[in-house]
Structure formats: C-alpha cells, structure tokens
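Chain lettering (A, B and C) follows the sequence in which the chains are written, and residue indices restart at 1 in each chain.
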Amino acid sequence: MSNAVRLENLRKVFEGRGGSSRVVAVDDVSLEVKDGSLVTLLGPSGCGKTTVLRMIAGFEAPTEGDVFIGDERITALPANKRRTSMVFQSYGLFPHMTVFNNIGYGLRIRKVPAPELRARVLSMLELVGLAGTEARLPSQLSGGQQQRVALARALITEPRVLLFDEPLSNLDAKLRVQMRLEIRRLQQRLQITSVYVTHDQDEAMTLSDQIVIMHQGRIQQVGSPQEIYSRPRTLFVADFIGKGNFLAGTVRAVDGDRAEVEITQGRLRIPAGGFRPADAVWVLLRPEAIGLAPAGVGRWQGRIAAATYLGSEIFYEVAVGGQNLLVKVGHPQGATPLEAGNPVGVVFDEGSLHLIPREGTA
Amino acid sequence: MRHTLTVLAIVAAAAWAIPVQGAQVLHMYTALDTAETQLYIPEFEKDTGIKVEWVRLSSGEVLARLRAEAKNPQVSVWYGGPSQDHIAGKKAGISTPYKPPLDWTLPANAHDVDWHWVGYYFGAIGFGSNADFLKKAGVPAPTSWDDLLKPAYKGQIAIAFPYTSGTSYTVLATLVQMMGEDKAFEYWKKLHANIHHYDKSGSAPVTQAGLGEVGIAVSFSHDLIAKGSAKGYPIAMTFPREGTGYEIGGISLIKGGPEPELAKKFVDWALSVRAQNLMQQWFRIPLNPKAEVAKGAVRADQVKLINFDAVKAGDDRDRLIKRWRSEIGQ
Amino acid sequence: MNELRKILREPVLAAAIGVIAVSLFLFVIYPLFKVFQMSVVEDGRFTLHVYRDLLDKPFERRPIYNSLILGALVAVAGTAVGYLFAFAIARADVPWKRFFRLIATFPIISPPFVLSLAAILLLGRKGFITRMLFQGQWDPHIYGLRGLVLVETIAFFPTAFLIMLGILQAIDPALEESSLNLGATRWQVFRTVTLPLSVPGLASSLLVLFVESLADFGNPIILSGNFHVLSVQAYLHITGMVDFGGGAALAVILLFPTLAAFLLQKYWVSRKSYVTVTGKPSPARLSVDPFTRRLLFVLCLGVTGLILLLYGTVIFGSFVTLWGANYTLTIKHYASVFHIGGRYLRDTLILASVATPITGILGMVIAFLVVRKQFVGKGLMDLTSMLTFAVPGTVVGIGYILAFNERPLLLTGTAAIIVLLFIFRNVPVGIRAGVAALQQIDPAIEEAATNLGAGSARTFVTITLPLITPAFFSGLAYGFVRCMTAISAVIFVVSGRWNLITIAILGLVENADMSQAAAFSMVLIAIVLLVLGLIQVGVGRVATSQMGYEAAG
C-alpha cells in the first residue's frame, strides 16, 4: 500500500469575527509527496506552510480541495483516524505522564496489550537513544531529549505519514544540526513518508528529498535542494534561498541555448532557459560565483565599498557601474582583506548565471 | 494619575472632617424598624435642631451591643423595644435614670421604679394570618395559643429568635407567666414543629406572612397592622382568647453616654403630644392621654390581656433565653 | 545580617517595611489573636470550657456539620459550572463567547445577598415560579440547604470559572493535538490530557469555593431558614446573645477548615500545577465535535438563563408596588433609595473611596517589596497580607470589635475602623494584581534606574509605578467592588455615624421589604458598574498615553 501524500487544489480561508476579515492562508496548493520521501515546506512565517501541514493532519478542514494518502481520500476523515503523527514545535509532551507513558500513549489508545506495549516502548527508546529514562517526567529532560521523546512517540504508532512542525526551532544551534541529521537518518531507515515544515533554509537543504517553497499561501517552486538553489524560478525563491545579486536586464537575442542579455554594465551571454527576445529578466549572480582579480583584469572594474570578515570567508561589496555587488571570497590563510576604496577587477563565468522573470515589464 | 490622587485626598480629608462639624448630634440605637424610625427622627430634628445619628438593631441586639460597649458607650439613647428588655438592661447596668417632667401621669407599669427607663407606647401580641393561606388550607385563623399547635399550620408559622427580638421574648415571657415555666417550654417544643423559621427581627414575620412565604406571623398588633393590612397585605389579625402578653415600649438613657442632655430632650420629646400623635402612622397606642389613637389600632381594652409582669420578665431574661436555646436548640 | 545592613542604608525602604510590618501585625494578626484569646481565656485563666460547652450541645454542633456540607456541595457544584463555562469558552469555541464570559463574571460585582433575595422572589412559597409554574402545589423548600447551594453556586462559580479559564488557556494546544494525532478520540483527548491537566486547577477551585462558602454570611442570614451555619451562628452569639466567648469559639472553629483549605491551596495544590498561567492565552486551535459544542452551548445557555432570570426578577421586583399583594409598577422604591437610603449611600461611597486608593497603594508597595526586595520576614509579610483573604469576614469582624474597643486603640464607632477593615480585607487583591504585574516587568528596567543613581523609593515611583499602573487600576476596581458589597465583617463595626448600604439592604430583606431591598440593590449595582466603567476609561487612557509615549520614543 502506498503512503504517498497527494494534495489537490487545497485552499484555506480563515474568516474573521463576523466575516469582517478574510485571510486566504493557503491558495490552490497541489503537491505530491512520494512514498517514503521527505518533503520540506519552506517559507517565511505566514506563508501558509503550517496550515498545509495541519490540513494533512486533520486539524484544519480545507475550504476547498482534497487530501489523499495513497489512493484514499482523507479530506473528511477525523484527525484521530488518519494515522499521521505530528512532531510539534513545542514537542507537545504530556507533562503529567512519564516518558514511558508519553511514548506508549498511542499504543494504549489502540489497546495494544501491556507486554507488547512495554516491549515496543523500550525498543523505541533504544532507537532514539534514551534507554533508561522511561520513568522520568518530561520536565526532567533536556530540550534535545524531549525532542527525541516526541519523535519516539510519533514513530511508535507506525504512522503512514510523519509530520514535523518546526520541530527544532526551540533547540540551540549545535543541537539543531545534530538532531536534523538524526531525523534524516531515522526517516531514511524507516522509510516513512514525511512532510517537514520549517523556515530555516539550511535545515531544508540538509534534510529534504524535495523542497517546496511557499509564499503568501501559494507554492512558488518545487524541486530538489540543488534545483531550488541553482535554478530558482522566481525572484522570491532566489532571494529566500541563499544570497544573490540581482541585475535588471532585457533579453536582446537568443542564440541556441544562450540568451544575450543587456544590463547596465554591458551585455552577457547566459543559458537561455526558455526566455525569448524582449523578455524582462533578472540576472542572478550568486556571491560565490564571483571572483576578484587585480585592477585592470577581469570582465568588469570596480572598487571595494565594504568588507565583512567572517573567519573562513570574506564578503565584499564591490561598486560596479553604480551598483553594489556582493562577492564571497574564500579567505586564504594569512592574507589581509582588501580595504575599502581599492580598485579591483570582477570575474565570473557567464554559464553560472541564471535568469529569472522580471515582472511589471512584460 | 496625580490629579486623581489629589481628588481622592480631598475626599479623604472631607470624610474625616464631617463628624467634627455641627456639635449638636445625638447618637442612638433604635429597635424600631428603619421605615418607622424615618417617621419620627426627622420630626425630632426639625423640632429641636438636634441632629440624630442612629443604628437600627433588634432590641436583643441593642442590649447585646450596649453590654459589649459598656466600657465605651457609643450612644446616649436606646429608643424602642419592650420594657422587659429595658429592665434586663437596667439589670446589666447599662442605663442611667431620668425622670421626665410630665403634666400627666405615666402608669406605674409604664416606667421603671427608679426611672431607668420610661414607657411611651403600648402594644399587644397577636397572630397575623395570610388570608389566602387560610382559604386555601381551609382552616380558620388561630384564636388561642393551642390553635397554633394544629397540624394544619405545620411549617407555616414564623416568629423571631427570643434572644434577638424583644417581640419574641415577650411571647416567651407571656407563655411562662401564663403556663408556668416547664409547661411553657413543653408548649414551645410542640410549637417548634410548626415553625417554618426564626427571624432576627420581631416584625419580620409580618411581611413574610403578608407575602405568603409563611401562613402565620406571631408579632405585635401594631406591626401586624402597619406592616400587614395597612400596607395592603391580606393579613387577618387575631388574638388568643386565653389572654395575651403585651409590651410597654421603652426608652433608656445610656450610662456614660456621650450626650446626656440631648438624650433627655429626646425623652421629653418622645412623650410629647406631638411625638405621640406621630405614632398613629404605625398604629402604636400612645401613653399620653392627650394623644390620638389611630383608627384600627388595638387598644388595651379591646383584647384580653394577661397580668403581665414585665419586671419579672426582664429579670428572668438571661435565664429563660439560655433554657430556650438549650431546649429548642436554635 | 548583610541584608539588614543593606536595608538600613535605604531609610525610605526601611521605614516602609517597618510601617507595613507594624500595620499588618496590628490590623491582621492582633484581631485574630484577640478572637482566639477570647475563646480560651476566662477570668485571666486558660480554659477550654467554652469549646466543651459548645461541642456538648447538639444544636451548637450542627452548624459545624452544616457549614462543611454546604461548603463541600457548593465547591463541587460551583467548580462544575465554572469548568463548564471555562471549557466551553476556551476549548469548545461555542457561539456567544463574550456574552457568556460577561455573564460568568457578573455575580462577582453584585452584593452577595441579592441572589438570595432573587431566590425568594422566584422560588419562595409565593415566588413567581412556585405560583406560576406549579400553582403553589410544590414547595421548592429554598429556605435551607437547597436554596443555599443554589445561590452560593451562582454567587461563587465565577471564581472557579476564572481559575479554570486561566488554566485551560495556558494548556499548550499542541498537547491535545498530539493526543488526537496519536489516534485518541475527542473524548479520549479530554479524559487523558485536558482533564488531568486541569486537575490542579480543579483542586484549587474546589478549595477556594469551599472557603468562600464557609465565609459567606449575606446569603445564609437570609436564606438559611432553620439550617444554621457557622458564620451566622457566630454573629448571633455575639450580637444577639452577648456571648463573646461562644461567638469567638465558633469563629475559631470556622477558621480552622478555612485556613486548612487556604494553606493546602497555597502550598500544595499550586505547586502541583503542570501549567504556568502566564496571562498570555494560547489560542485554542482544536475544537470539539458539533454535537458536544451544541450541548455545551445549551448548558451554558441554561445557566445563563438562570442567572438572568435571578437578576431580572430583582429588577422587576424593584418596580413592584407591594410584592406578593400588589404588582402594579411604580418607581417609588427608587425614590426612597435616595430618601431613606441617601445617607447610607453617601457613607458607603465616602468610606469606599477613602479605603480603595489606600488599599491599592499599600497593595502595590507590598507587592513591590515581596517581589523585588530581600529582607528578613519577607515570607511572613507575604503570608500575613494574604491571610485576610482566607479568614472569613465574620472572624475578622469579631476580631476588630474585640481588639479596638479599648484605649489606646479605641476605634469603635469611628470611620477609621471601617476604613481599616476595608483596607486590610482587600489588600490581598491589590497585592495579587501588583505581583502579577511586577513579574511581567523585567527587573533589568528597575536595575537600570538604580544603576543611574535612583534610590529604592525613587525607582518605585518613577519606574515601577508607571509600569504597573494598569494593574494598579484593576486592583483598585476590584477593591472598590469589594468595599461596596462587603457585609460579613463590617456588620460588626458599623455605627450610627457611619453606616453602609449593604447593611441597610440586609435589614430590608430581613424585614421582607423585598421591593425596597431590590431597588437598593439595583442602585448599588448601578453605582458599582458606573465606577468600574470610569476606572476602565481611566485605564484605557493611561494605556493609550503609554502607547503614545512609546511611539514617540
């Protein structure tokens, strides 16, 4: 039986008191999460990602559209019948129950006999590396441990779909990195279809098979982490994931797989990606795709406007033709950063540039 | 914020200042109903220019409070309540003698031998029955003390606590003097089965009977009229044919009270024709022969009275109440 | 020692602590001590014979059982109704939430005995319901336990409601969602998560309501019939029988279960709580199924209907010429409120407006000292100042007449004794408001002021006070309501010079002057609402001006 999740034209409208305010939280979202894969819903707060997750869980009813798990339409199924398990941002551990009872809760609800329940809870504790803590109360555990209990509690009922609602946002930075690897490891080992909500792009990048970028209730782009990063389809996606320089330009000619784009600084030949002459575009230059050269060398000439020293790397702002470009330079040991005012040359490979449609000038 | 505080400070200052202004203030406890007190006090204030600050309490409560305050009397006058309570007060040493100058004779049973209290009205104990109740239950109004024990009246009678209410203590003392002490308590035990509840105030049962919350109130005739039929309640008044007790309503001056001279003026006023006439509004029988009796008020010659010994009743008060509490258990 | 030296370096702080400590001793501890002393000392010797005499007699013992039974029943019924409203509003998303919330808090501001009055008008032998619905064939027997459970449940369930609403709103919605998500039905969610998490709140509410019922005086004195309770008996012993020893002993007996419940609540139940009530409600995201919602809605509607019916009857009663005999409408009772009741009204307003701000300021100062300062006896100060909240008014009132009837503390008959009683009865309200407000303020703000050279007093006045002003005003508002509706303690200390409207109403009800009493009560409620409204407007303005300040800054 397939446990793929399919969303069809989901729409959610929240009505304010007396119909005074209407908020469209989710707008026409369709998505397929393949069986056993982990898909991340990524976006700024208020983009609708959590609402989508809650509609999958059954905590919110869609205004329009349908939710499927496998071939089963579950739109009208109550939350407790869906066999989805959610890991909450606040963990949602029952403060009045021990770790054992927290993890065993779902099995007890399903009336699993005591000996079997016990065995399964203990082996689950083993799996998440918490053996021996079963008699403690959640308040006696550290944040990371609580997170593991929440995970164990979600996994033990063998859900068809695992849902994560920003599960790591209450942990400190180091633990967060460690936990996300652990979650990924467990998910891949157990092959559970998972939907993961976060606003942290690093988390999304490291965890996901597929990333779904959401903005204002709509899906902006779906793709693998690499696709999302290197070939963003909208200005929003490009800006949200990583840093970038956006140069306004217009396609002047298309020649095979390359487009000739005119920008203030001159003309560039960039992989066309379906654009046609006269299209208004943004040219995306990732900071790490730009290199600095001695003055006089390179495609463009500019001056260092500012430098930010970050230990392993340096970010420069380089003034080129009235525009500041952000340039990331891996910092070679022992070298002194360039000072503001220094003239420099700018080098990059035209093939690494990427075009994004520019609106308002169709 | 600052402004608010200033205003509050001014109010506070004013509050403390008010008692100081106007030296002529008489303090009293009254056992009369609030509504009745309002009939007399403003008239006294008008006549004499003396301001009165008063608290209404049932007469048993007045006595209790005066005893509690004996070291530090707060008032100068105890106004109203049956003489036996005033006699008990004399015994407790809370009153001081004053013989008002009168151009008429107060009967001997209407003042203390030493003038520790003076009487100013007469009233007899009677029964007030709710006419609707009688009609519905198909029973006649009670006309004897024994009638009150009828099963038909079960849970229908209201009376006050003898220890808080002078009215109710008058009933107890009457029964004791009529039947002898032991018989009287036996009687009350039987009566207790018919009693719905006890009130603090002696006249409270009247309105309750008027409302129909109870069927029968045992109270003074003037209260039965003033708070019953005169107000429009369907109250039928009857008296026990064996004879009934009565009160001489009294006034005591309080020993060590703060305003002895004003207190004397009040006693003089209360016995004046003008003040005695005011009592028509409450159907009390005035003692001043020149005063007029309200139409419908019950005079001493209209009912059969027992030979009530108020002095004995007053002297026995503490003992009888103690016994009543332990035997009736209220 | 070190602490002491630190405090001595700040004379204003030291003086404040000293004055408050002395006042608390004089006006809280000493009266209680006098009550206790009166019950065990006779002719200068220690004796227990007052207790022996009392406990010997079945009719003196009965009120003890009666009070406990009544307290237990009211605690259970009131908590149940309070939980119903809290759950319906916080978790079930029923319609008319604001309205229910309003209704569920309204009885707090009404004088205690108004409900008894209403109960008689409705369910007495000649009550509206008794006559109209049952043609007098059925007597609801409201004089006694039944009636008292009814009116005290309505009178005190708001407390339970507020406690439970705080708890339910503080429960992380993720807990219930987790449970549902793990396969629990909505009922299982309630049984395994919501209810267990509410248990400490329920226990708290049971204890508080038990205490409130034991301490209630206004309702039983009107409605108890022959079902005597301790508070009224203690009162009758003193005012009716001049039996100070017996009254004091009954007061001490009343004090025991009350204090036990209070201490249990303060030191045990509150520690068992799983949720922290932060005052920041988390939005309930999970609702109940439509059937349950409808059921809860109907139940709330039923209780609301009853409450409206009770108050509505009082309103109607206040316009009736002669209740029970003549139902022609009239406004003469309102005219007499100002004629007969004018001086009561004036006295009550003056005393309340003197006592209220002092209470508020004292409460804030104590709250500030307790939350922010370290000094010897701090815990004791905290406990003592909260004590008057738990001690039944009857006990306090008896203590005041015993303690302040002799030189040099001769206060009986003065306005001062009533004001002092108001202040020390209500100061816990101010303290609670202050503590709650202070705990939300980052101490760093005050530390910054101290750091810039301000002393304790200056920091308090210039920094702390402005920040806690809204809490100060809500403390004031509630304190004012309690002054205006107080009866159980002040009934012992009112005098001819200073009389109170509540006492006057009680007299009217006792005399069964129902319509008059109803009119007085309505005027009293109207005044309370008016003042609350004014304070609300005041607070609103303060909050707005603060916002303006922030925006400008």
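Quick note on the criterion: a residue touches a chain if its C-beta (ideal position, glycine included) is under 8 Å from a C-beta of that chain, and two chains touch if they have at least 3 such contacts.
Keep in mind that what you see is a predicted model, and the values were worked out from it rather than measured.
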{"item": "Chain of greatest Cα-centre distance to chain B", "value": "A"}
{"item": "Two chains sharing the most contacts, counting C-beta pairs only", "value": "B-C"}
{"item": "Chain whose averaged C-alpha position falls nearest the assembly-wide average", "value": "C"}
{"item": "Euclidean distance of C-alpha centroids - chain A vs chain B, Å", "value": "87"}
{"item": "Rounded Å distance, chain B centre to chain C centre (Cα mean)", "value": "35"}
{"item": "Chain A-chain C separation of Cα centroids, rounded to whole Å", "value": "53"}
{"item": "Chain C partner contacts - residues on chain A that touch it in the complex", "value": "54, 57-59, 79-81, 83-86, 88-96, 105-106, 109-110, 153-154, 157"}
{"item": "Complex contact set, residues of chain C against chain A", "value": "172, 174-175, 177-186, 188, 192-193, 196-197, 274-275, 285-286"}
{"item": "Contact footprint of chain B on chain C as seen in their complex", "value": "57-59, 120, 124-126, 136, 143, 221, 225-226, 228, 236, 238-242, 244, 321-326, 339-340, 350-351, 353-354, 357, 401, 405-406, 410, 412-413, 415, 469, 494-497, 499, 504, 507-508, 510-514, 538, 542"}
{"item": "In the complex, chain B residues that touch chain C", "value": "1, 4-5, 8, 11-12, 14-16, 18-19, 27-29, 33-35, 38, 53-58, 60-61, 63-65, 67-69, 71-72, 74-75, 136, 161, 163-164, 195-201, 203-204, 207-208, 210-214, 227, 231-234, 321, 325-326, 329-330"}
